[in-house]
Each structure stands twice: as structure tokens, then as C-alpha cells.
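Data block below; observations after.
Order as written gives the chain letters A, B and C; numbering starts at 1 within each chain.
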């Protein structure tokens, strides 16, 4: 078989494989979408605000919520947020329409 | 030129590439690795973002917290009445929640007061939630259940802030499909949460506000803020944005770690592609001398770049997909999720952004082809005689 | 078959013109070569033979003067047309053979016609026929770098003939060969000449120019024509 054909078949095989992956992705995403209705129900019922990614320290469990606590609590060796978790100032999100305009401020 | 001649040139290119098997397979290998790493990170952070967005769609539009001396404080429950009187507010409910550090397994749990039951037919909870006023029962997340080896019907014992042990009968366990949300939860009745944390009466952790129209949430937040200057309203939109930023930051961190490898590859590709070796220059001269046109040589170089970069791209993206969505991103997940005692154990839903894939392809395949063609251009347009008399 | 196929007129070629290392390689050469000629460009090294051959073979363009091929002035044609002429009219045998290393004899012979519409199996058959004709069939799949000088040259000859050229050009073909192999080479050239091809060879080897069928001998020195002998 000529080499250009072999290469063509290789590319075609990869593309077909990707297409098959895309199809399984579709199935799995629709499964997740079905589950996500129930997840949304849990979020709404329990009024949850955050994803349970990491609870290595209390303040990492609910990154969206202000906390009573400070760093260096359970694991003084945890250096992640020392001395600052950020390198740059947060970007300006006013364009998203979520800005709070407070009188007198 | 017809299809046949293009195929002939491709044939020759492949023949030519196979002459330096070791070198060219090496390049494909490194290139594939780069696409694999970048693709994995893109897949991972995109799926996280999409899942976060879907999961948090049901969370309260507005949370009102009270701040005291710059720290969060408990909020008096009677403020709920005043806030619910604001126009546009459809309901205010106090939330009772907090963290519990378990010395036994050295993990943090999230303790939460139940405020109703899940809708019938929710498949993500085995058993039931405690009623809002029920005492002595708990529903726990899969992570807690695993850490404490408990099942429905067992008892979980917690130590209250007063120092006495409180036992709870486990009446519900969240299914593993919900771990991304519930892994470390312990849901109790409200009186139990108040007793466990020794919260003063008529105080809640914060207030969850529902509004009639979400676009008005910022306005209502502003009103709450001016009515109670010691409060801090948190919008759902801000939360979702926070997650976007967190994943962006984490994936950026990983990309930074791999930037060294990326730069090394760029140098390799640059060196390989731009520094046309004397031998390659001579070959181009020979091909021209025996009757190849400049355009044929450019085409050959195009094929050369395409064969290497397209193969690497396709292999890399397939490997990245399999790695992220079939093996749970075992290589990068630790860096993206962070370390934790209770790990949410979950399979990501393979959300795919065609735009991202197209971008990745454009950023890998096209520059590589360009860097193969451009240097050979000069060799291809010089008189063959210069190269051949050499 | 006696009309002129190539005619040069005051052909001049400078290398690196206008720079410090400017070289006048060919100066004011006017020569006519006829259909079916067996022409030899003779002269010591540095006399401008190779440059002359490059000019005749459309590998480079003259600084001034003109070349006409079958009555058509080709000295100022764009690159694309020159390539086309190289591909359809000429077969070039280089002094250093210039085979592509790492490829087999057969692949090297097929090389010139890859970027054309030719059917590869047909091209392969044709290349095999040519290799058969010069006794290289047994080396068909050998990588060229493992061949002896004579075998490399035969491969180069087969490659030059793959496009059925009207004109065969050879630059110092016997420089790397011993006497016996040189005679073999000349036998192949004679054979081609007898089949009606025009053969042009640049050489300072007596084996090449001292033979009865070398009809035209152009003697060059310092880039200019010293003497033209036509038998």
C-alpha cells in the first residue's frame, strides 16, 4: 500500500476515533445533565453555595463565602495562601452587570 | 496539479521522513506530549467550569452576611423580616452552617441545618434528609461515610463546642454522583446545629435571599447594604465568577509549571524547522535541478509539517480526552483540585468546547507548518546551480 | 536532423556580481549545438565548463547574452518555465552524482517525476526498465550511500533518463571513475547518442573528447571559447 494512503487512513482513523469519543461524550454529558437536575435540587434545598473540592482548611471549603477564620489554622504547614493567594488584582467585572452600586460609597 | 501528483509528493515526503525515523518520531513524541498536557488542562478546567455553573444554578441568588471588625459574624434572624419587606424580594431564609474539624480523621466537615426535603424522585440521596426541627438524626455525604465507615442505621458521634459528645443516627447518605457537592456534608436538624455550635438564640450564620428577578439582585444587594451597613451581600453571579477565576488560576498555574517544557519544545521546533541543515539545503537543490518546481518543494515541506503536527495533534488530543474523561485526569487532577483529606471522588462529564479544540489546533499545527515552510522557501527559490555546484 | 537545437549568443555569467568576490565564469560565448550532436566542452578546471553546462541546462540564468532552445529565447524566462524545461527536455548527470542519501536506487531514479500526474506503479515499471538497461536491477533496493562510485553514476544516469530527455548533460562524468568504468560510461552515452539524443558533456578527460563520435568539441579557457572543432 502506498504511504500516502497509510497516512490518510491514520488521519481518518484518528478523526473517526475522535468522533466516537465525541459521541460517548454526548451520552455522558446528557447523563450528567439528568443528574444535574437532582444536583440542582440539592443545591436549592440545602441552599449550598460552593463545590466540595477541597476541605484541607476550613476557608478553602467555601471560597465564595467570607469566613470567621484566617489562614494557618489546622495545618500550619499549609503555605498555599501565604503570603497572598493572588498575584494580580482581580479583573474588572462591571461589564457583567453584577456591580453593586451603593449609595454614599 | 491533480490529486495524484499531490499524493505522489506526500509519498515522497513520508519516504523522506522515514529516513530519519528516530529524530522524527522523537519530535512527534514530544509534540504529542505537549498537546496532551495542554489538552488535558483545557478539558479539565472547561469541564469543571461547566459543571460548577450547572450545579450552582440552584444556589441562592443572594447571601447576606454580617461583618464585625472585618470578620464574618452571626446575623440576627429578625433582620430577615426587614429584608423580605424590600421590593423585589420573594423570600428570606436563615442558614445555619459551619465547619467541624474531626480530630479522628483530621478532616473538615461542613455541618448544615436541613431546611426542607428534596423533591420526590431525587436519586442522589439514599434514605432521607432530617426534618428542619428533627433532633438526633443526620444525613451525610459519601466522603464522610467513607472516612468514618458508616452506613444508614449507624451512629455518628460529634463533639459540641461545649465539649459534650452528641450522637446522631444516620438516616441518609448522598449518592456518589453528587460527591462534587456533598462529599463532606453532615446535614442535621436546626436545633442540633445550634446546640453543636452553641449559637446564641435568634442568630443565624447568614441569610439566603430569593429575588423575583435575578437581574435585580444587585439593586437589592445595594439596598440591603445601605439599610444594614455592617452586612456583606454575596451574589450568585459573583460566586460563579469566583469559580471561573479559581479554575482559570489553577489551570494557569499548571500551564506555568509546564511552560518550561513548552519553551523547550518551541526551541526544538524552531531549531529543527528554521535551521535548514546543509544536507536539507542540498537536497532541495537536487530536487530543483532534476525538475521539481519551487511550488513542489514548498508543498513537500507543507506535507512534512502537516504530517508531524497533525499526527501529534490528533494523538495528543485523543490521549488527553482518554486521560481526563476515562482515567479521571490522574496526572493533573491533584494539582487542579488541590490536596485534601476528603476527596470528592467523581467522574467529570466530558463537556467539550469545539472552539477550544480549534484554538489548540490552530496554535499547534499552523505555526509548526509555517516554521517548516518559511526557511525552506529561501533554499527553494535560489538557483539549483548554486546548491548543486556546492 | 541537422538544425540547431541550442544556440548561445555572447553568453556571459558573473557570480556575485558587484561584490568583492565577483567572478567572471563565462564570458561572451557563442556556440551552436545541433540536434543529435555529441558535444564536448573541453578545458582545464576553472575554465567555465561547469557554468556553461549550468547555463545550457537552465540551472542558472546568464548575466547577459542569450540562449535559444529550439528557436525560443529561454534566457529570461521565469523560474517556473525553466523548471518545466529542466523536467521535460533535459537529463542532467552531476559530477558528484547528487543522489538523495538514505533512499534506494529505485526511489532515486523515480524522483524527478514524483510531482507530476504520473501513476506510481507505471513510473516504477519504467524506472525498473531503465535499471535493467544499465545492469543495475540487482541493486534496485539498495540505499544509494552503500553503492560504489560506478554504481552511483549508473543510478544518476537512470535518473537523468526517467523523463525521456531530448538532451543529456553530464558534468565531468569520468572524474571519479577508473579507465574501465569511464569506457563503460562512454559506451552508455554512445548508445544514447545513437538512439538520437543530443549529448553534451563537460570534461577534460581524453577518453571523453578523443573519440570518433564526439562531433563537436568546444575548447574553453578562462571562461571564453578558445577553439571550436566540428567533425
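The rule is short, and it goes like this: a contact is a pair of C-beta atoms (placed from the backbone, for glycine too) under 8 Å apart; a residue touches a chain by one contact, two chains touch by 3 or more.
In this text, all values refer to a predicted model and were calculated from it rather than measured experimentally.
Q: Name the shape of the chain contact graph, picking from line, ring, star, complete and other.
A: Here the contact pattern is a line, an open path with two ends.
Q: Given the two chain pairs A-B and B-C, which is bridged by the higher number of C-beta pairs in contact?
A: Between the two chain pairs, A-B has more contacting C-beta pairs.
Q: I'd like the Å distance between the centres of chain A and chain C, where a centre is the mean of that chain's Cα atoms.
A: Taking the average C-alpha coordinate of chain A and of chain C, the gap between them is 68 Å.
Q: State, to the nearest whole Å, the distance from the C-alpha centre of chain A to the C-alpha centre of chain B.
A: 4
Q: Please compute the C-alpha centroid of chain B, do the same for chain C, then give the distance between them in whole Å.
A: 65
Q: By the touch rule stated above, which residues of chain C touch at least two different other chains?
A: If we look for residues of chain C contacting two or more partner chains, we find 120.
Q: Can you list the chain A residues in contact with two or more other chains?
A: Residue numbers touching two or more other chains: 2.
Q: Which chain B residues sit where two or more other chains touch them?
A: If we look for residues of chain B contacting two or more partner chains, we find 8, 11, 15.
Q: In their shared complex, at which residues does chain B touch chain A?
A: Residue positions touching the partner: 7-8, 10-11, 14-15, 18, 51-52, 54-60, 63, 65, 67, 71-73, 93, 95, 99, 101, 106-110, 112, 114-119, 122-125, 129, 141, 143, 174, 177-185, 187, 206, 208, 215, 218, 221-222, 225-226, 232-239, 241-243, 245-246, 307, 310-311, 314-315, 317-318, 321-322, 325, 337-342, 344, 349-352.
Q: Enumerate the contact residues on chain B facing chain C in the complex.
A: Chain B reaches chain C through residues 1-2, 4-5, 8-9, 11-12, 15-16, 19-20, 279, 282-283, 285-294, 296, 299, 381, 383-386, 388-390.
Q: Please give the residue numbers of chain C that touch chain B in the complex, ascending.
A: It is residues 50-51, 54, 59-61, 79-80, 83-84, 86-88, 90, 92, 94, 96, 98-103, 107, 111-120, 159-160, 163 of chain C that touch chain B.
Q: So in the complex, the part of chain A that touches chain B is made up of which residues?
A: Going by the criterion above, the answer is residues 2-7, 10-11, 14-15, 17-18, 21-22, 24-25, 28-29, 31-33, 35-36, 38-58, 60-69, 74, 80, 90, 93, 96-104.
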